[in-house]
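In the two complexes below, subunit A is the common chain; its partner is subunit B in one and subunit C in the other.
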Partner chain A sequence: MFYGTELKNRLMLGTAQYPSPAILRDAIAASGAEVITVSLRREGAGGGAFREILKESGCRILPNTAGCHSVREAVTTAQMARELFDTRWVKLEVIGHADTLQPDPFALVEAARILSAEGFQVFPYTTEDLIVGEKLIEAGCEVLMPWGAPIGSGQGLRNLEGLHTMRAHFPDTPLVVDAGIGAPSQAMAAMEMGFDAVLLNTAVAKALDPAAMARAFGQAVEAGRVAHGAGLMPRRDMAQASTPIFGMAEFAS
Partner chain B sequence: MMFSVLGAGVAGLCTATSLAERGARVEVIDPDPEPTGASWYAGGMLAPFCEGEAAPEDVVTRGQAARDWWAARVPGVLQQGTLVVAPARDRSELQRFARATRQHSWVSPGNLEPYLAGRFAEGLYFAEEAHLDPRAATRALCARLRDLGVELQFGTGAQPRGQIVDCRGLAARDLLPELRAVRGEMLILETREIMLSRPVRLLHPRFPCYIVPRGEGLFMVGATMIESDRDDPITARSAMELLSAAYALHPAFGEAAIVETGAGLRPALPDNHPSVIFRGERIFVNGLHRHGFLMSPALAEEVAATVFQENHHAC
Partner chain C sequence: MRVEVNGKPREVAARDLAALLAELGIAGESVATALDGGFVPRGARAGAVLEPGAKVEILAPMQGG
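Up next is the complex of A and B:
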């Protein structure tokens, strides 16, 4: 449950960098995504026509504060998003470095506290750091979004052990792997690990055929989720035959 | 039959040309006495294959006619191709661009552009592409229209007297509600320290840019693409991005003079596909998006061919 909302489909799609709004619309439909995220910082109030197209997709909209570098910018952008989309949801990004786009955990926690107090339902873009995660929950967040890898890098799950630990540390908090996913197999791996959803943008938007790639991601996320629910077999150090060898005929030499 | 072309941007001027060349009586009406709008800030690249990276296939196919269409009508169409490069750490962008496009070859950029020697290990060369100076081309096409007997009613308040061909760009939102604005920002730099013979595109995962040499030491640097209809001057962030991209292409641009900045609103349809639309009493040529100088000739010929065929049938 994401702030009381149940989602059947666990892929969340970004809406930037597509060749056209029509192709974006096709990709959303092909992926089956129920949640799309949209940036506002740069487009501002003048982006109404594009936002109308997004609303027509029928998806739940998760506005984001991409491009914000300070608490004040992020809070102001979130407030504008609430007015434009009439939603309490906000994906909170406070960028610490313009080049790496790494989140600034200190400003993130502060902005999350302010927005939660104002009634926002905050989806914070964070790292796999456990203490930052705890501070965010303390600030009022009921969902955490750890990165897989830096935004747009396509490196996948760069710190598998860290993500495993985070999943184990926050067993009851919905966790969404956000950013850095480059291939459906990586999204599926996150779901197999028990993450609740995956959010991505570039891997679909910049594919040569975005709608086909969106479909592939939708299928991978679904497969990973089903696999996790079905109970993955544990890894073993030794081979174990599927058919018992006891009782088989033995040939005398 | 008389045609009233509304809008003196590149779509309107090309459509008027194609109609007038077939002997039609044509007037072009624009509320502004001087050229404004998206066309004025265009890059003027006739680059159908590069645009194919993100544009609909139709732009690649029909855009190929633009080079010869312009060269037959205005001076200054330079057939020097396009060079595409990427900083060393973004080499994968170059490979993606190569996969998404065609009609290119891998080159050593310094062999084509001596001033870039040693700065980029490899690049893509699109030999079939061309470029022009959009402002000079606009003026030349206006002169040609006058020679063809077309009445240019710019800022005169004239009312249309013939079949309306609506080429008003974003202003046609009143009748084409599906149109939206895609804001583009550009700047013009002046420096004698570097020379380029052809448009150079610098790939970057977040802010790709192109630099088009305009001669006389002038370089047009463009262009952002922002889903917004905000119609005010270039933002500081966009200027920083464009300038840092130019600087990354060659540090000499860091010492260049910024002689102009501009922002325009590109008219775009939901599929970003430049189109001729027959709706109601009007013929619309719109949704040119990034492809004004590239696609206006094809759309203009489409309009002219269609209306003349219809008249032919009516006879």
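Up next is the complex of A and C:
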């Protein structure tokens, strides 16, 4: 449950960088995503067509504060997004460095506290750091979104063990791997580990065929989720025959 | 009066945020507004007085990740 909302499809899809609005629309539909992320930028031409796509998609909108570097910027952007999209949800990004796009955990916690107190339902873009996660929960967050890898890098799950630890440390908090995922196999790995959802954008938008890639990600996320629910077999160091030895014929001369 | 709208200096007649949107031909319900770094909700725009040099941000939905 994400702030009381149950989602059947656990892929959350970003809407940036698609070759055309029509391809964006097709990709959203092909992915099966129920949640799409959007941003706010200075009013310009072409906004009407985008609004149509959002409405038509029937998806729940998760506005982001992408590009914000300070608490004040992020809070103001979130407030503006809440009015414009009529939602309490916000993907809170407070970027610490323009090149690495690494979250600034100090400003993130402060902004999360302010927004939670104002009734926002905050989805904080964070790292796999456990203490930052705890502080975010104390600040009022009921969902955490650790990165897989730096935004747009396509490196996948860069700290697999750290993500495992985070999953174990927050068993009751919905966790979404956000950012850095480049291939469906990586999204599936996150879901197999028990993450509740995956948020990505560039891997789909920059594929040669975004709609087909969106479909592939939708299937991978679903497969990973089902696999986690089914219970993966324990890993072994040694081989163990799956076919019984009992009843084997003897052909020795 | 000279104000800054979305980072660009502009000479405007409007004295408040609601009038500014009307003057610029922007439909008020399709944007969100901020004045000097602080959010101004729809209902408060008419009461948001513009001073010379005021920094106005008018934002719309945009593709994002």
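To be clear about the criterion, the second predicted complex is superposed on the first by the 235 of 253 C-alpha atoms of A that agree within 3 Å, B and C clash if a C-alpha of one lies under 4 Å from a C-alpha of the other, contacts with A are read in each partner's own complex, and residues count from 1 in each chain.
In the analysis below, a residue touches a chain if its C-beta (ideal position, glycine included) is under 8 Å from a C-beta of that chain, and two chains touch if they have at least 3 such contacts.
No experiment lies behind these values; they were computed from the predicted model shown.
*Asks:* For A:29, select first, second, both or neither according to whether it touches subunit B, subunit C, the two together, or no partner.
*Replies:* So A:29 meets neither subunit B nor subunit C here.
*Asks:* One more residue to check, A:212. First (subunit B), second (subunit C), both or neither?
*Replies:* neither
*Asks:* Figure out whether A:44 sits in contact with subunit B (first) or subunit C (second), or with both, or with neither.
*Replies:* Once the two structures are laid over each other on A, A:44 reaches both partners.
*Asks:* If you stack the two complexes on chain A, which partner ends up touching A:160: first (subunit B), second (subunit C), both, or neither?
*Replies:* In the superposed model, A:160 contacts neither subunit B nor subunit C.
*Asks:* A:20 contacts which: subunit B (first), subunit C (second), both, neither?
*Replies:* first
*Asks:* In this superposed model, does subunit C or subunit B come into contact with more residues of subunit A?
*Replies:* Of the two chains, more subunit A residues are contacted by C.
*Asks:* Would you mind listing the overlap between the subunit B footprint and the subunit C footprint on subunit A?
*Replies:* 42-44, 47-48, 50, 202
*Asks:* Per the contact definition, I'd like the list of subunit A residues that touch subunit B in the complex.
*Replies:* 19-23, 25, 42-50, 53, 152, 202, 206, 208
*Asks:* Applying the document's contact rule, which stretches of subunit A touch subunit C when the two form their complex?
*Replies:* So the residues of subunit A touching subunit C come out as 14-18, 24, 37-44, 47-48, 50-51, 54, 63-64, 66, 72, 76-77, 79-81, 83-85, 151, 200-202, 205.
*Asks:* State the interface residues of subunit B toward subunit A in the complex, per the touch definition above.
*Replies:* Residue list for subunit B touching subunit A: 54-56, 96, 99-100, 179-181, 183, 205-206, 226-230, 237, 268, 270-273.
*Asks:* What residues of subunit C sit close enough to touch subunit A in their complex?
*Replies:* 6-7, 26, 30-34, 37-39, 41-42, 57-65
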